[in-house]
Structures are given as C-alpha cells and as structure tokens.
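Note sheet for the following structure.
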Amino acid sequence: MAMDVEILEDPKHHRYVLNMGPQHPSTHGVLRVLLELEGEYAMELLPVLGYGHRCHEKIAEHKPVKSFMPNTARMDYLGALIYNHGYAQLLERAAGIEVPERVEYIRVITSELNRIQSHLLWYGAYLLDLGAFTPIMYAFDDREHILDILEDVTGSRLTYCYFRVGGVSKDIDDKFVTSTRAFVKRLRSRFPMYEDLVNGNVILQNRLNDVGELTPHTCARYGITGPLLRGTGVAYDMRRAEPYSIYSQFDFEIPTGTKGDCMASFMVRFHELEQSLRIIEQALDGLPEGPIMTPKVPKKLKIPAGDYNSSVEAPRGELSYYLVSDGSDVPYRLKVRTPSYSNLSVVPEMCQGMLLSDVVSAMGALDLVIPEIDR
Amino acid sequence: MDINKLKKQWQDLSTAVEGIDYSVSGHDYNVSLERDKVRDFAALMLEEGFYLVDLMAVHVTPAIEVVYQFAHFEARCRVLARAFVDDNSEMPTISDIYQGANWHERETRDFHGVVFVDHPYLYPLILAEEDVDLKPLLKDEANLKDVDAVRRKPPEPAPEPKPEVKPEVKPEAKPEAAKSQEQS
Amino acid sequence: MKSYFSTLFTGAWSLILGLKVTIKALFSPIVTCQYPREKMEVTPNYRGHIDLVKFADTGAHKCISCGSCMRDCPSDCIVVEGEKREGVKGKVLTIFTLDFTKCSLCGACVEVCPTKALDYCNDYELAGFTREEFYFDLLKRVEERE
Amino acid sequence: MEIFYSLLPELIRIVIAAICGAVIVFGNALVMGYAERKLAGHIMFRPGPMEVGPHGIYQLVIDGLKLMGKQLVIPKNADTPLFMLAPLIAFAPVFVPLLVIPFSDKIQGFDLDVGLLLILAFASINVLAILIGGWSSNNKYSLFGAIRSVAQNVAYEIPMLISLLAIIFMTNTFSLKEIAAAQSPVWFVVIQPLAFLIYIVAMVAETNRAPFDLPEAESELTAGFHTEYSGMSFSLFVLGEYANMFIVCSVATVFFLGGDSGIPLPYFEYTGIIWFLLKVYLLMFFLIWIRWTYPRTRFDQLMNFCWKYLIPFSLVNLLITVVMVKLL
C-alpha cells in the first residue's frame, strides 16, 4: 500500500509496523495510526485521517448560510452547542445582527453545560484508556444529568441544534434554572470522590507524569490550543483572549499547568469543570428577562461581500469559522478550523520514542473527537 | 509584541497591510503577500510568537488564493495573510517553519490541488489515495468569482438600491481601512 | 532513601482511598434504568420527527400547503403538495411526506411554519429494518391519529 | 494383581479427586464470572446481568453455551497446531494443584511432602500457554501480550516464592496440610504481615489481573494474547485464569489465613471446607474489587515496582525471619 511508503518494515533495524486503528479501542473513533516500533518503543508515527470525512465544507457552499447550523453540531458531537455558538456568532457578526441580552446568557449557560459534559466524557474515556473501568460510569452518571437538562430545553441529547441566528430556538424556564442549580451543587459534591478515586491515585500519577511533554513553542509551531496549551502554562483561552458573547462579564480563572505533560492537561481539564460551574452560577444569578430572538433577522440572510472570522473556545481548543462571502446568501467558502486537527498533528513529534502504553495515554490526553478532525 | 514595529516589518514584506475592525470581521489585520515572501513572513510570525490558526485556500480568479491565519497567545492580534498561487498552482511550503501547516497543506492539496513546493510528504490526508485529482472544493465555471467579488466593499455613501439587504449589515466606515488603501 | 519510603506510603494511601470510594459505591443504590422493563419519562420538549398537529376544535390539521418547510429544510427531506379545489379557500394538502432518514432534527420547518401546523412528536423508540419504514406519510398519520 | 488391589483405593481416590477438581474448576468459573459481573456492576452503580434468570444467575451458563456453539476461527497465517494447543496448555495443568490443596482436614487429594513445589511448578505452566498462544496467533498485539506476560510472570515469581519461603522456614515443611496446621493459635498473617502483602501483590501480577493486566491490556493491545481466540478456545483461557486465581488464593489461605481453621463446626474435619472457601472467596473478592478500582500500570513501572520494592522487601523479610527462627 502506497500510503505506507514512509513507514516500512525494516528487519535490519529490528523495526516493524503496528497498525493501530481504525477500530482500535483507544483511538476513539475512526483514527488510524501507523506506528513503527522498535521493541515496544514507537519510533515513527503516521496518523491516517479521513475515515469519517463528510464534506461539511463542500455542503456549506451549496446551501443558504442559515441551513448549515445543524451540520455544525455534527462536526464535534461533544461540543455541539459551542459549535452552534461559533457559527451563530459568525453570521451575526457578518450580518451585523444584535443579540438580546437574555439570549447571550442562555447561550453561555448552555455552552458551559456542554463543555462540562464534554470534559466529563473525556474524563471517563481517558481513564478507560488507562485501564480503569469504573470512572467512566461515574462520569456518565453526572453527564446524564446535563443531558437531561439540555434535552429539556433543546429537545435533543447530543447533536443539539439550539442556537439560531439572532437568538435561540426555545426559552429556558424556572425548571431549567432549578435543575441546573441542583446539578451545579451535585457536581461540586462529587469532586472529592473523583479526587480520591482518580486524581490522587499513584498509578495514574505515574502513568501521566512526564508523558507527552509540550512547550509553548511547540504549541505555537503546531497551533495547539485549549487545555493542552494551558497545561504548558500559557493562559490562553478564547473566552478571555478575545472575549466573545458576554464572557467578559464573568469572574472565572483560567487553570494552567506548568510542565505541559499529560498530567498538566489532565488537571487543567479537571479544574475547568469547576470554572465552568462558576460561570454557570454567575450567569444564572444575572439572568435577565427579555426576548429570545432578534425580531429583525431576514428570512433570506445575505452576507455582505468580504471575509469574516469567528473564534470560540471549544472544549478541545480554539474553534474558528472563516467565511468568505460574495454577497449572496450562500457562502462562497466556509472553512472550519477545528482544534483537534491541529492538536493531533503534533502526535508524530510528541510521541516519538515513547512506549506503546504512553502513546495511548498521550493520545488520550489530546481528547480527540475524530469527526471534528475529518469534518 | 510591539504592534507598530511589527506593522512596519509586515509592510516591508507585503504589498498591502490593512487594519480591519474586529467587531465586523473577527480579525484585526489583513496582509497581502507576494508568493516568494510567504516563507519570510511565516518565519517572522513564528519569531514574534504567533501561532498558526489555520491555512486554507479560496478558489477565485485570477488564481487560487491561499489564506494563512495567525493569532498571538498574549494579546489579541488576529492576522490574515494571503497570497496567490502561481500558474502551476504552486506555493512555497511553510511546514518546516510551522510544523502544524503540514497537515493543512496536505488538506489544501486534497481539496484545491495547490502544490506546496518542498513539502516533505504531500500525500492525500483527508481524501482517499485514488481521489488525488478530485479537487472537490474547486469551483466550476458558473460559480467561480473574481477576487474582487469576495473582497469587502468600502462603504458606499449612496443608499443600497436593493430593499432586502438590511442597512445595518453594511460594514461601517473604518478610518484604518481607508488609510491603508491609500497606502496601497 | 526517605523518598523511597515516602512514595511507597503516599502511594499506598492513595490506593486505599480509591478502594474506599469503590466499596462505598458497591453498597450504594443503582442509578441506571432497566430500559425495556422500566422506561424513563421523556420530557415533553423532546424533539422527535415532525408531525402535523391535529387541532381539537376543527379536528383537522392546519397546513395550507405553502411549502415554507419544504424550502427551508436544510436536508430536503420534506415534500409538500397541495391542489386547488372547488369551493375551498386556499389550497388543500394532498401530500406531506417526511424522509426521516435524512432529517437532522434541526427544527427549521417547525419554526418557519406560518400556521403552526407542525410540531415535534415524542416518539423516540425508532428502529427498523428498511429505509422505507422511515418515509413517513404525515398526512396519513394525522388522519389516523385520535 | 496384588499390587493392583493394594493400589486400588489410591486409584479410586485419584479419580474422585480429579472429578472434584473438574467440578471446582467449572463451578469456580461460574461463581467468579457471575460475581465479577455483579460486583463490577454495583461498583459502577448499575445492576450487572439481570436478564437470564432471577438477577441474571443463569447468565454464565448461557454464556458458556454460546461460547461452545461459536466457531473456532483460526487466523490464516497462524501456526495452527500451536494455536490449538495453547488453550489446552492453559487449561489442563490447573487440575493438578487442586489435588494437593487441603480444603479441610479430610478433604484433600493427596498430602504431598512437596505440595507447594507442585503447585508452583504447575501454576507457572500458564505462562507457557500464554506465550504459545500469543506467538502462534501471528498477530503483533498478541505477541506483545505474550512477551509482556512472560517478563511479568518471571519477575513476580521471585517475590512470591521468597515471601512463601519465610513461612517454609518457620514451619520446616513443604506440605500444605502441615503448614495449615502450624497456625493453630495465630495465623501467619499476624506474624508475617509483610510477606502476606508481598504475596498478595505478586498474586495479582501472577494471575494477570488488573491493575497488572498488561498481557490483556485491551486499551493498548486490543485483547492481548487472546486477541485471535474465539469460542471454546477463548473460554479455556478464561477457565484457566479463574482456576489460577482460585489456586493462588487457596495458597494464600493455607499459608497466611490458617487454612480451614475457624469457629469449630460439627464434623469439623469435613466442614472446615466452609471456612476455607470463605477465606478463598474473600481474597477473590479483593481481587475483583481492586480490578474495578485502579487504572493499569505501565510495563516499566510494573517491573520497577517488583525489582525496587517487592524483591528487596521480601529478601529483608526472609532475612529477619531466618534470624528470628534461629534465635527463638
């Protein structure tokens, strides 16, 4: 197979090729990685993408801008609302639509719930990669509460299409507020349990410390963003760096690590749960009354000619939509910059010379969502 | 990061540097480059601590335009750099400067057929091997637009004749943009 | 030498803490739902596939076959056709089908409907062996419904 | 002929013991399979198997039938004879150690003078089976599992043996019955707590259970050495694994937990088996409990732990024991 030109069995150097995926249990979807091994050490890695490619960018060029909203949720099934948010913001920015304040609050609350949901799933699945079977069930137990809350307001459980250009599709009610507050309390009370069972565990510490170390410079070269970057000590979060929506009004910290290894990004993600809870609490406290939709959104939304960019902080890093418009209601070109794509591209460098077990833990720390990479 | 110094350096490398209102377009600067200056520009950006957000191509006439997006970890400074490919759809690679560009360039090769010269492994990434000449994102004749059709229009003083386009969607007058256009 | 023993003891202690969590969980009540035998209550806001609403006062749907939903659907999965009839104002709906295999449940059709004739149904137990089972004839469904 | 008659009781004893061994192996697999799923379920806030029979107690029987009915898939490039042989090698030797385990005063196949050696000798054949299975599958993941298993088992046999040796020095015998009997006032777990801890850790590693389940490591090696096995050949590996767990737990019971000693019941020479099994299954519960609690260790850390902690500690423990035995 010509794809394997770079990675070939080399009996002289005692090297051989291991094909990981696309059905390997720890590649989380249809990612394939070719590993050139020497003993159990991975000397070369070659990720092979494209098994889940669904031509989202091509689809976008063929239908009105507003109709692309459901597709955004399918790119990253774990951060669907945040992907909605980025796209809605792109069109609002491009068409100059003002969004009511209540909508911004609702968007922030639901987006943060979505982020917690995504982090909880990663938490469980990562521990599953590391061989602990139980935490995923505990994380799903908590996650299920979020799904119930979001189902009640958005109508779906995973691929939400909730945000609209200029608003949201359904208003939140008192039931949402009380159940969200109850959830915030519940998740807080579960943190000590996670701390005991997982975070402090000596086996986990040994598995993650000093594995897959990154530096800020490496992150810049590869365009790595999100918790991995924050694990290296750079407090770069789109919610702070380019405050979109109403994030500038909230008081929250950006957790950072120091070493940039798997443990650092692990703890960054874990602490982000708490920060997201804080944002949700503040947003619930300040939730204003008002309409949930801008009245003046035209049915056929024409975007003035030019190029527009919208960046938001997805659970895995920076998500950017880049729209080139020729003045019609159909995008001339829509490019989606997904965080996992850039994050995964570091794997050949990061995992060089690692043990096979460490490759698994390093790739798990990237929190890969393959449909997001393949689009 | 000294933005004024940077701007001067950009101007040395580029044909035009244009400041843009972030609240309208979501980025701060627009830098038009010549093909042979792309690598110098990328090296400068890496030195200044920018990271590569994205690399993409837009199919317009007269040639495919390759757009590089950079941002900075410390301060908000989102830069779009753009350059046209040559007649053979070729473009110098920046994947040895920004290793993250490696996959973006392979993807652009898949979708638009832009050949990045000196790329270490320009092999189909997203598409299958046999679809190497598919170039799915190239526009056909009917849809292909001129590059000026997709550029931001300077605000017109006269009211828009078409009623369905809302007046508020038009970008507002930007002193910076006007200035830089004078320069170019 | 000191760290040799301290890592051993802190490590052992962390392992014991973990065991405490799981033994507590072992004697806690279960949280899962035994699906086929017991069913969870589905929120009334759940968005299943769309259905024509049957209004109690008239006993009929309110679709005026304007085709807005058909045009607005991102996936082109709705087909609406109406015809002019003698003595009836406006058009009479003759065909309203939904290809649920393509539907992405975005809700654009429900929101665009000028007469609020569409709503989501609450049916979530959808499974079938053929594609044809998911080509819903909504007009027939609304007529058959109580 | 006279020799035959003189040997006849012994022969009958062997046959009965072998049948009992088979009952134990299969019964233990049923109990453990069910207990493991149920406990795992409840640890994760879910009920475990519930469908077949009340609370799913027939689940394992159905699973066994399913496995028997499944096709034995042999990979195209596999070494077929070895591939078929490996599950048998994993399964067959587990009967022998069961013969010498003193379940109670009277329930024991044979009381061999070298009972412990017999157990350790036959228990280590399991490694060979894993190696053959992993090698003959002609699958890189299987091979990894096999190689890891060999290194791990060889390393962990050392602390296991040394910790048991401390007890041997104290009792001066290899006979399991006598060792069990030697702890009539105080169980050795009180006198030799360190040896007990070392033995427990080594025991987990020897049986390839989590957190030391590196040969199987399904998130890294898909299923390790039994990736390519299906149907009955797979279930033989599982039966062997559970039987091995039973054997190592029995050894722990005999050496540290006083064998069948406990509150006296009527006909204690027979009913002691109740206490014995109770202790064994408590240890098995512990194995299940830690499996569903911890993440998996990395291979080099596993070996480090053995060489840096277990072996030095067991040697020190042995030294102290020898000195104490000499002095007292």
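The chains carry the letters A, B, C and D, assigned in the order they are written, with residues numbered from 1 in each.
Assume a residue touches a chain if its C-beta (ideal position, glycine included) is under 8 Å from a C-beta of that chain, and two chains touch if they have at least 3 such contacts.
Quick caveat: nothing in here was measured; it's all calculated off a predicted structure.
Visitor: When chain A is left out of the picture, which chains can still reach each other by chains of touches?
Guide: When chain A drops out of the picture, the chain contacts leave these groups behind: B | C, D.
Visitor: Have a look at A-B versus A-C and report the one with more C-beta pairs in contact.
Guide: If we tally the C-beta pairs in contact for A-C and A-B, the bigger total goes to A-B.
Visitor: Find the chain most remote from chain A, comparing centres computed as mean CA coordinates.
Guide: D
Visitor: Go ahead and note the Å separation of the Cα centroids belonging to chain A and chain B.
Guide: For chain A versus chain B, the centre distance works out to 25 Å.
Visitor: In whole angstrom, what separates the CA-based centres of chain C and chain D?
Guide: The mean C-alpha positions of chain C and chain D differ by 50 Å.
Visitor: Distance between chain B and chain C based on Cα centroids, please, to the nearest Å.
Guide: The answer is 41 Å.
Visitor: Which residues of chain D are in contact with two or more other chains?
Guide: In chain D, residues 43-46, 292-294 touch at least two other chains, as defined above.
Visitor: Would you pick out the residues of chain B that each touch at least 2 other chains?
Guide: Chain B, residues with two or more chain partners: not present.
Visitor: Which residue numbers or ranges of chain C touch two or more of the other chains?
Guide: Within chain C, residues 15, 18, 21-22, 25, 31 contact more than one other chain.
Visitor: Tell me, which pairs of chains are in touch?
Guide: Result for touching pairs of chains: A-B, A-C, A-D, C-D.
Visitor: Help me check something: in the complex, which residues belonging to chain D touch chain C?
Guide: 39, 41-47, 50, 289-290, 292-294, 308-309
Visitor: Spell out the part of chain D that touches chain A in their complex, as residue ranges.
Guide: 40, 43-46, 140-141, 144, 210-211, 213, 217-222, 291-301
Visitor: Would you tell me which residues of chain A are touching chain B in their complex?
Guide: 2-3, 5-6, 49-50, 53, 55, 57-58, 61, 90, 93-97, 216, 219-225, 229, 234, 236, 241-242, 296, 298, 300, 302-311, 318, 320, 322, 324-327, 332-333, 335, 337, 341-342, 345-346, 349, 374-375
Visitor: Which bits of chain A are touching chain C when the two form their complex?
Guide: Checking each residue of chain A against chain C gives 63, 66-71, 74, 134, 138, 141, 148, 151-156, 159, 161, 164, 169-170, 193, 196-198, 200-203, 205.
Visitor: Using the touch definition from the top, list the residues of chain C that touch chain A in their complex.
Guide: 7, 10-12, 14-15, 17-18, 20-22, 25, 31, 43, 45-47, 72-75, 104-108, 111, 120
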